[in-house]
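Take a look at the structures below.
In what comes next, chain A is part of two complexes: it sits with chain B in the first one and with chain C in the second one.
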Partner chain A sequence: MALPTLLGVMVVVFVLIRVVPGDPISMMISGEASPDDIAKLREAYGLDRSIPVQFLYFLKTVSTGHLGTSISLHQDVLELIMGRLPATLELAILALFFATVLGVSFALTSVYWRGRWPEVAVDAANALALALPEFLWALLLILLLSVSIPLFPISGRTDPSNAAVFHTQFYLFESLFTARFSDFAEILRHMFLPAISLALPLTAVIGRVLKSSLLDAINQDYVLLARAKGFSPLYVLLRHALPNALIPTITITGTQFTLLVGGTVLIELIFAYPGIGNMLFGAAINRDLPLMQGITIVFAVVFILINICIDMSYALINPRVRLD
Partner chain B sequence: MSKALLQVSDLGVEIGTGKHATRILRGVNLEIKPGEIRGLVGESGGGKTMVGKAITGLLPSSAVVSSGRILFQEQNLLELPAKNRRLLLGTKIAMILQQPSTALNPVLRIENQITDVLTRRLGYDRKSARDYALELLSMVHIRAPERVLRQYPHELSGGMCQRVVIAIAFAGKPSLIVADEPTTALDVTVQFEILKLIKELQAKTGTAVLFVTHDLGVVAKICDVVSVIFAGRILEQGRTEDVIGRPAHPYTQALIAASPRLDRPDAGLQPVPGELTASLWNDAVASDLEQSHA
Partner chain C sequence: MNLTRYVDTAFANPKLLIGGLGLAIIAAIALAAPLLPLQDPLDQSLFAQNLPPFWLPGHDASYLLGTDSLGRDLLSRLVWGARPVLIVMVLGAALSGVVGVIVGLVSGYLGGGSDAVLSRIIEVFMAFPPMLLAIVLVAVVGPGLYAVVISIALIGWTRFARVVRAEVLVLREQDFITAAHLLGYRWFRILFQELLPNIIPMVLALLALEMGRAIVVEAILAFIGFSTSDMATWGGILADGRNYIYQAWWIMTLPIFAITLSVLTLSLLADGLRLALDPVIRR
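So, the complex of A and B:
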């Protein structure tokens, strides 16, 4: 299923970015270039051919494991992306982590204390988190936690003065796993605001779906039987209701997580965060066709991988779909 | 006459509050002696399940006990703090539910569903809990207990699931088991097996059972004593052979007449006169109907 999907994405992306207005050559040359020079450049990048022929050339490049050369940066597209992708992945995973922890605690709080004030408070917080899109949260949080109360830096991934050496592009994970906790804290401080802004709308979705699944689960017979065993309400909720309620929640979290990954484009722009979303924006400004299509295809691959992960986690938690 | 294990007196339960309250149990009196099987029989909607839930303290959140006492081993359960009451469950009072297929948690292995009550409530360690779980499964005549422990509920038949539920109920050697229509969802041959099993374990352990059912045939097979409930009221109670052999109350007679008979296939099916509808829960209508049966 993954390959046809990917091919479809490539066709759509390829055609779409060629039919929209804007010419990469006119963006890269200065005013004095002769029509002859322009024609030569167009030929050099293969842009004088028809779109189907260009696509076949592109497929040929892809089949050799490359995504072409960036027009604006004059570097291999795949290398450019691989240099930036880890930053985006780390941001998305951290956001997912925040959203899951917050969303699950929201749902558990409001179900455990249902009909009392914590439920009302959590439901209100949830509605608020859902009401604003991630980029508005980003601006709001910058104003609150960087400008009014300067707790967090507003841009970048690390402090420019930080001389720490990293062997991979996964700064956050590397500093964590090599136990360099001061570097870890420093990077986390930079990533906190963008990750939270990305996480808030997803938090609300997880909170709502999980809450309604939990309310459904606690009325099931197996919860009645668990209560008849004399277990505490908290144990019944966590051990007997929660695993069942997580099944629908994981599905929706997966689809919403792809939206979150898409949301990184704007968030990275707002926080000047050096990921591929930011790079995609630059590529679009410069009409850098190879870079744009490369990044879009990488996004598509990430989406497909996420969906595979969801299917796998689904089988992990639900024994009824487990394959023997 | 031995002392009652459980004595329910004047129990009233309402759903809703104030003007909109519906009384679903009114003045229920019920007594269970140690080691006896008490049948509680009535139509759907008659309130029989609610009696069981009131005793275990697992009433739905919309229902409240409005009157009466539930004396269990001489303490009034209704006056116990919620936590103390909960701690009786699993140890002294256990439950068997109607739908074996939904009574077990679909995402947990059978082993965890038996051992969680053993380790968390009955003080077993992991190793001895597993051994005892195996023992319990053999006790309910499950042939390959090792394999069943590793399985999930959806891999077992309804009858097997009910055996597991029964094993869990007997695990804490409780003094009272509330069995809410434990055979209704099973097909007839399995029904018989399960009845036999409950009777056998009950005789072996000396546990008292409140057996809630709509099926007089089942009552005749298993119960020592029986109470007939209608519209939230106990109409008649006594020894099973007396109540079924010489029913005093017209409603009991109607209920017996309504049981399909294999020996008289031409007789057809006799409906119980009157209907349990929402309006019946109005006191006036209820006593009217009771009068009409009388």
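So, the complex of A and C:
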């Protein structure tokens, strides 16, 4: 299933970057180049050959892990991307964590206090979180929590003055696991606004889906039985209804997680967060074709990997899928 | 006359009413911009940079909503910024809709090999983060309003195609399609005369949603400087405001307000259309 999609991805990237504009070489160089130089460059990039041959050549180099050399940064594209990818992954995982915690508490709040004001408030917040895209949330949060109330920084991953040394690119996880809590707090403060903006649309989806399956669950006989046994409503909600109501939520969270990862492109840009989304923007401004191509392929591969993980997790969650 | 009935139906569906009115207001502002007594949105003034709007101290009466960092009138930029919004949302949504509906109809109706291939193509396009595709496309083609429209269609058509395909898969098993087959209608006629009218209500609701998305995509691309540079855009005001956020926070609030309101309006319209056009929900 994944291989044909990957092949299709390669075709789209190839067409988008090489065929659409006509001549990639003219975009790489300034107007001063001699026709001879242009011919040499065309040969170096294999552009003097037919399109199908070019495509096969492209597939061969990409499948061996060679994504070329960045035109603007003069470094290996794969190395550049691998240096930045951890920052993006950390951001996406933190956002997923926020979305899950907030979404589940939203759903529990509105079901536990159903018919009273907390339900109305949570539902209204949910509708708003769902209606606005992360782009607007990011800008609104900057205005609210950074400009009017200066709580959070709005750019970067650490303070420029911070001289802490990290051995991996996973700053957040590394500082947490090596118990450097002041670094951890600082990185978290930088990541808070971008992660929350990314998380809000997913929070709303989780809140809505979990609420409706919780409402189904609390009308089931086993919940009535648990209540009859004398367990408190909160205990029954958390220990009996919640585990059974979680499956649809996990499914939808998986599919929506790819959207969240896609959202990092924009969020990194707004918050000047040094991940691959931000690097894509730099590549686009400089018309750095190899770098754009590399980032596009890496994002697509990450998407496909996430989808494979989701498919496999169905089997873990739902025993009925495992049988066939 | 049936006027009272129309009024009754309109008030029975406030989402449709408010959403429709909102869309009409956006369109009216965009179309009327040249007629309004406003300053030129591109006119710069070095003596009037980052002026606050009328409710803040230090404002200038000739700039009602203040000015940006180049001394351009924000009210005028906001009003004129509705024009690229109108162009992009109409063309972008229409293009996504046309491509997506045709692919969805053909894929759902023909089934078999063509469906497998088309579904796989849809899957491939969904394997990219949408904004990444848009940014790469505009970077390659070169910035401008029409590049923005094409990138909106590039990331929007799959939404139409998937929903339409799913709907057609259900419809084609129904009796009226069997009847059309028995009458000897050609596939072309079945697709466009029998199936298409049945999915129009759903497509209209999707179009409203897509228009909202188009506004956001345009704003994002303008924010990063990839939209048109000959016109005032809401995203362009945002980008300017982002640079002067600590000196002049109000610059950003205006386009945020405009974009948020437009997006909410269109999502209301989509909800309203769904309610109004779905006979099952209407009952």
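Observations
Criterion: the second predicted complex is superposed on the first by the 293 of 324 C-alpha atoms of A that agree within 3 Å, B and C clash if a C-alpha of one lies under 4 Å from a C-alpha of the other, contacts with A are read in each partner's own complex, and residues count from 1 in each chain.
Note that a contact is a pair of C-beta atoms (placed from the backbone, for glycine too) under 8 Å apart; a residue touches a chain by one contact, two chains touch by 3 or more.
This is a predicted model, so every value here is computed, not measured.
Once chain A of one complex is fitted onto chain A of the other, the partner contacts of A:I51 are absent, as it touches neither chain B nor chain C. Once the two complexes are overlaid on the shared chain, A:M82 sits clear of chain B and of chain C alike. Of the two partner chains, neither chain B nor chain C is touched by A:A124.
In the superposed model, more residues of chain A are touched by C than by the other of chain B and chain C. In the superposed model, A:A272 lies in contact with neither chain B nor chain C.
When the shared chain is aligned, no partner comes close enough to touch A:L151: not chain B, not chain C. By the touch criterion defined above, A:L224 reaches chain B but does not reach chain C. When the two structures are aligned on the shared chain, A:L16 is found in touch with chain C, with no touch to chain B. In the superposition on chain A, the residues of chain A contacted by chain B and by chain C do not overlap at all. Taken together, the chain A residues at the contact with chain B in this complex read 220-222, 224-232, 235, 239-240, 243-244, 247, 317-320.
Only residues 4-5, 8-9, 11-12, 16-17, 20-21, 27, 131-133, 135-136, 139-140, 142-143, 147-148, 154, 261-266, 269-270, 277, 280-281, 283-285, 287, 289, 292, 295-296, 299-300, 303-304 of chain A touch chain C when the two sit together in their complex. Those residues of chain B lying in contact with chain A across their complex are 56, 58, 86-91, 94-95, 97-99, 102-109, 116-117, 120-121, 152, 154, 165, 168. Within the complex formed with chain A, the chain C residues making contact are 120-121, 123-125, 127-133, 135-141, 213, 216, 219-220, 223-226, 238, 242, 245-246, 249, 252-253, 256, 259-260, 263-264, 267.
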